[in-house]
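Encoded as structure tokens, here's the structure I'll be asking about.
Every chain is named by a letter (A, B, C and D) in the order it is written, and numbering of its residues begins at 1.
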Amino acid sequence: MLRYLTAGETHGPRLTAIIEGMPSGIKTDINAINSELAKRQSGYGRGGRMQIEKDAVQITSGVRNSVTLGSPITLEIQNKDWANWEQIMGIEKSNGERRVNCPRPGHADLTGMLKYDHDDIRNVLERASARETAARVAVGALCKQLLSQFNITLLNHVVRIGSVDMSSDYTSPDFADAVEQSPLRCADKQAEQKAIEYIDAAKAAGESCGGVVEVVARGVPAGLGSYVHYDRKLDANIAFSVMSIQAIKGVEFGMGFDVAKNRGSAVHDEIYYANNAYTRKTNKHEQRRRHYSACGNEAYSNAVYTA
Amino acid sequence: MLRYLTAGETHGPRLTAIIEGMPSGIKTDINAINSELAKRQSGYGRGGRMQIEKDAVQITSGVRNSVTLGSPITLEIQNKDWANWEQIMGIEKSNGERRVNCPRPGHADLTGMLKYDHDDIRNVLERASARETAARVAVGALCKQLLSQFNITLLNHVVRIGSVDMSSDYTSPDFADAVEQSPLRCADKQAEQKAIEYIDAAKAAGESCGGVVEVVARGVPAGLGSYVHYDRKLDANIAFSVMSIQAIKGVEFGMGFDVAKNRGSAVHDEIYYANNAYTRKTNKHEQRRRHYSACGNEAYSNAVYTA
Amino acid sequence: MLRYLTAGETHGPRLTAIIEGMPSGIKTDINAINSELAKRQSGYGRGGRMQIEKDAVQITSGVRNSVTLGSPITLEIQNKDWANWEQIMGIEKSNGERRVNCPRPGHADLTGMLKYDHDDIRNVLERASARETAARVAVGALCKQLLSQFNITLLNHVVRIGSVDMSSDYTSPDFADAVEQSPLRCADKQAEQKAIEYIDAAKAAGESCGGVVEVVARGVPAGLGSYVHYDRKLDANIAFSVMSIQAIKGVEFGMGFDVAKNRGSAVHDEIYYANNAYTRKTNKHEQRRRHYSACGNEAYSNAVYTA
Amino acid sequence: MLRYLTAGETHGPRLTAIIEGMPSGIKTDINAINSELAKRQSGYGRGGRMQIEKDAVQITSGVRNSVTLGSPITLEIQNKDWANWEQIMGIEKSNGERRVNCPRPGHADLTGMLKYDHDDIRNVLERASARETAARVAVGALCKQLLSQFNITLLNHVVRIGSVDMSSDYTSPDFADAVEQSPLRCADKQAEQKAIEYIDAAKAAGESCGGVVEVVARGVPAGLGSYVHYDRKLDANIAFSVMSIQAIKGVEFGMGFDVAKNRGSAVHDEIYYANNAYTRKTNKHEQRRRHYSACGNEAYSNAVYTA
């Protein structure tokens, strides 16, 4: 069992994650984790906060000589803005400044006030903020180093921004490079241009945008997850993790919702047995394994942009 | 913490579920559970197996005088077909008949063989079968009796079958009745007729259909779930449960994927404060809380219809 | 991960356990489970209830042709007395007879009333009763069939009854046989006689007795459990399970509390390296792996004997 | 649910713990945590390492203005010796010095090498070390601040060192003060002197000592834990936590093993009902709630003293 906890407020000293259950003997690469953190910060149209923080991870346990020890691994990401917030967010003593009184829609503000009995909404938004995902990106980047031992790779790219639908063929050999070079993580150059215009127009109008991201997993062996009990299903566990990300409102696998519009013959891929192996001639069902991400416009309300 | 385990093969003696963590003092109604089991069996176009089993739950622990005791509750649903399968599915001795050799697409057959080292695929499909959901319907029906103590109600209805999109207004006062009286759980009479024709045509062609179901939860208090840690999020936990259901390929909340196509002002509902209470004048964001269900055509392949 | 839930009241229809996570392909032997259940019932001086129930397990899922399928396994043990209690313990309707008003010491009666808001203590004692351990004996007996695949064996025997201390050498070749033939599961014949007299005298005086049982595990490979996180420690997990048994008040490993009375050189076993293997010449530390069991005299109070 | 993870090697940069599930609105006192950390370091006869580290906790999340926020709380304890070990225990690059080749008895060395495939035993002992308990002391000290909201208090004191048995009456009014002032946390002045001599003699002989510690919990309300399922029992959960501490070999509750030597009437405390309340006139059963701690002499072997 591999499990992790994350902690940290957006304007507190740092984000921390502890990962317990990582096998020993796995090569770790801090630069590869930082590279994923940089991708998180580099999206076109991100808020100004992204310039403040240049996230870099520090490992403080569970690794020696760049190899995992089998013991819990601590990941820390400093909040570079902490020096400016030390009086406000002080652990022992706070001056109570930069108080937030008005709950924003599409955020945890209102329920957080009610559930945890906070009267300064800052006590909610400091944790509910999307900055928390930096800790999860670091955890995920480390887990990818475990997966790479089994030649499992993950690639994500953007398939929609607002009204712009991107068409992209992830099976083409230069697909991954095109995604990495795109400021939108989108391999469709024409659609990318339209999406940039869409984002710019929204920004000018004081609006925010939504989008859809697709994750392609390669090299996954048959038999991860299981049918024997509902909570062992792989799709259920992935849906859980994806839906736990701030602002995500939907998730689908393979053809996803389009399966509902089609008959069985258009949806399934027959299994054949030949040369001592099972094989399929089509890949309709698993054609697209995509996760959905939508982010509303907090600026439309009276609140600061935190996501 | 409320948790449960389910067990049972489709042609074994019975399905069993144990629910641990139910509070004491909750009124239980076996008829209400059976009524939910009947709904599960009554869908238009369901396979012939549905006629064999007339599911009825038996409670064998945790309840006395129709009130929960606080101790674990056992729910049993007999498999009425067991008498015909006792030699084949025998716990101690099996004659090995009705062996299944050919893995069906869209099922756990192939991965199950590989993961659990089965050479008779029956050992997989007996558990991977959608019959397992009967146990979960019973568990859910009991949990609804707990939720009703807090005036939380759940209503599900069908919003798509294949190419037929149903329009339905769940806020209308006679909506629930219309759903309960429909053989498709669909309040849109015109669309229902088209969907029935769609199903009949698919059946005639040896195909199966997909669809989308929407669940409307009412009376949910603010503050279930939490933003403080990723695995406490309510949406994540619901997505987990929904996606663990056989054949489900997508799940969305509120506007869901449509959020990605819109700007923030069209997606979020401003929060107002008046008369000592927070309120919203719109309900865009939570307009539709729907869960997606898609079921491919197993009959298109060589297998029996199990879902 | 292997997990299980148990359910069932002492005078309800049956006890049920679901075990989830058992590997597939394990040979199961129902007679071996029943033999463990019989041992549970056969102790010298047990109460009259033991004669009523001749426990036998029924498996209703997860096993076919005496081999595990990898799916959850359901174990049922009928309560033979149910016919006499159906009106009293009725799931849907109870006549409320055989009400218990007076909480017994050394039981869950008082806290159960307060925590679960029961005014009939029967609602507590039906579940708090030691009869629940029958379900756990069945679960454990099945797990021993898994362990036997790895040549791990478990043997328990009694090392104290009241003031009678048994001396016994579990390394002697005929030790296990002597234990199995003893009505007290005690290989020391002289002490056994004294213990029987001790029990008879206590019984005549309306008292109950306590005792200590030792469990000897053989064939356990190095590396079960782990030091990397506190909740992975094997001793902690065993202590948890042992202490969860009704009436148990202490548990110790190896020399246990005697370690506190000795210096390090008397407690530890040096590790040597010879012939390409690590070895120890002594076994002080692991000399005795014992679990402690103490059962107070409920008859001393006004309650029926349930343990 | 309150849960926590700990991380950190003995000679790594720091120990870290994340506590998830702490309610919001709890007053926190860092000095009180540091005071518990100091007690951990102050035991008579502790090894030289204790002088190096003057442990102080730093909170980096989940608390603002000395009040918990409801979000995960991060506790950090710097390893002051890290500057001397940075080359040896380097996260990215290690010079491999201070290698440990010989596994010590009574430690995780041997099983750790085998389980995690380490050839430098340092990779085991850095985590298996008792220094890890500093993180747990900090977690526990914080949890005591939660418990104090309910007027639950915990007091521990030493009841045995080697052959010296301490008699002490924790019900006397000046008991707690006597314990806090004693270098051995022992209120029995005569026995304390004998214990000091016992420790000095053992030290001179190159031996280590064992001992027994008793924990007295006051103000615990009836109904923590539960009889309804084995893994909800309070004693089981406490035994789990206690036995997970390095070097602990036994745990008992109340009279503990002595229960086995007595008849029921000497063990149980009758419950009476008077003045609308349940009461007991005796406290035999819960007379002593003690946890056992034994620490073998690592110095007897070839290893450094780490516990």
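The criterion applied here is as follows: contacts are C-beta pairs under 8 Å (C-beta built on N, C-alpha and C of every residue); 3 or more make two chains touch, one makes a residue touch a chain.
The structure presented is a predicted model; accordingly, all values stated were derived computationally and were not measured.
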Using C-alpha centres only, name the chain that sits farthest from chain B.
D
Quick check: more C-beta contact pairs in B-D or A-B?
A-B
CA centroid of chain A to CA centroid of chain D, Å
38
Whole-angstrom distance, CA centroid of chain B to CA centroid of chain D, is 47
Whole-Å distance, chain A centre to chain B centre, using C-alpha means?
28
Shared interface positions of chain D, touching two or more other chains:
5-6, 20, 70-72, 115, 127, 226, 228-229
Testing understanding: with touching defined as stated, what is the shape of the graph linking the protein chains, line, ring, star, complete or other?
complete
Sort out for me which residues of chain B touch chain C in the complex.
3-9, 12-18, 20, 24-25, 30, 59-66, 69-74, 89-94, 96, 115-118, 123, 126-127
Chain D residues touching chain B - in the complex, by the definition given at the top:
1, 20, 70-72, 226, 228-229
Name, in rising order, each residue of chain C that touches chain D in their complex.
5-6, 102-106, 108-112, 114-115, 124, 127-128, 132, 136, 160-163, 202, 205, 207-212, 222-223, 226-231, 233, 235-245, 248-257, 259-265, 267-271, 278, 280, 285, 292-294, 296-301
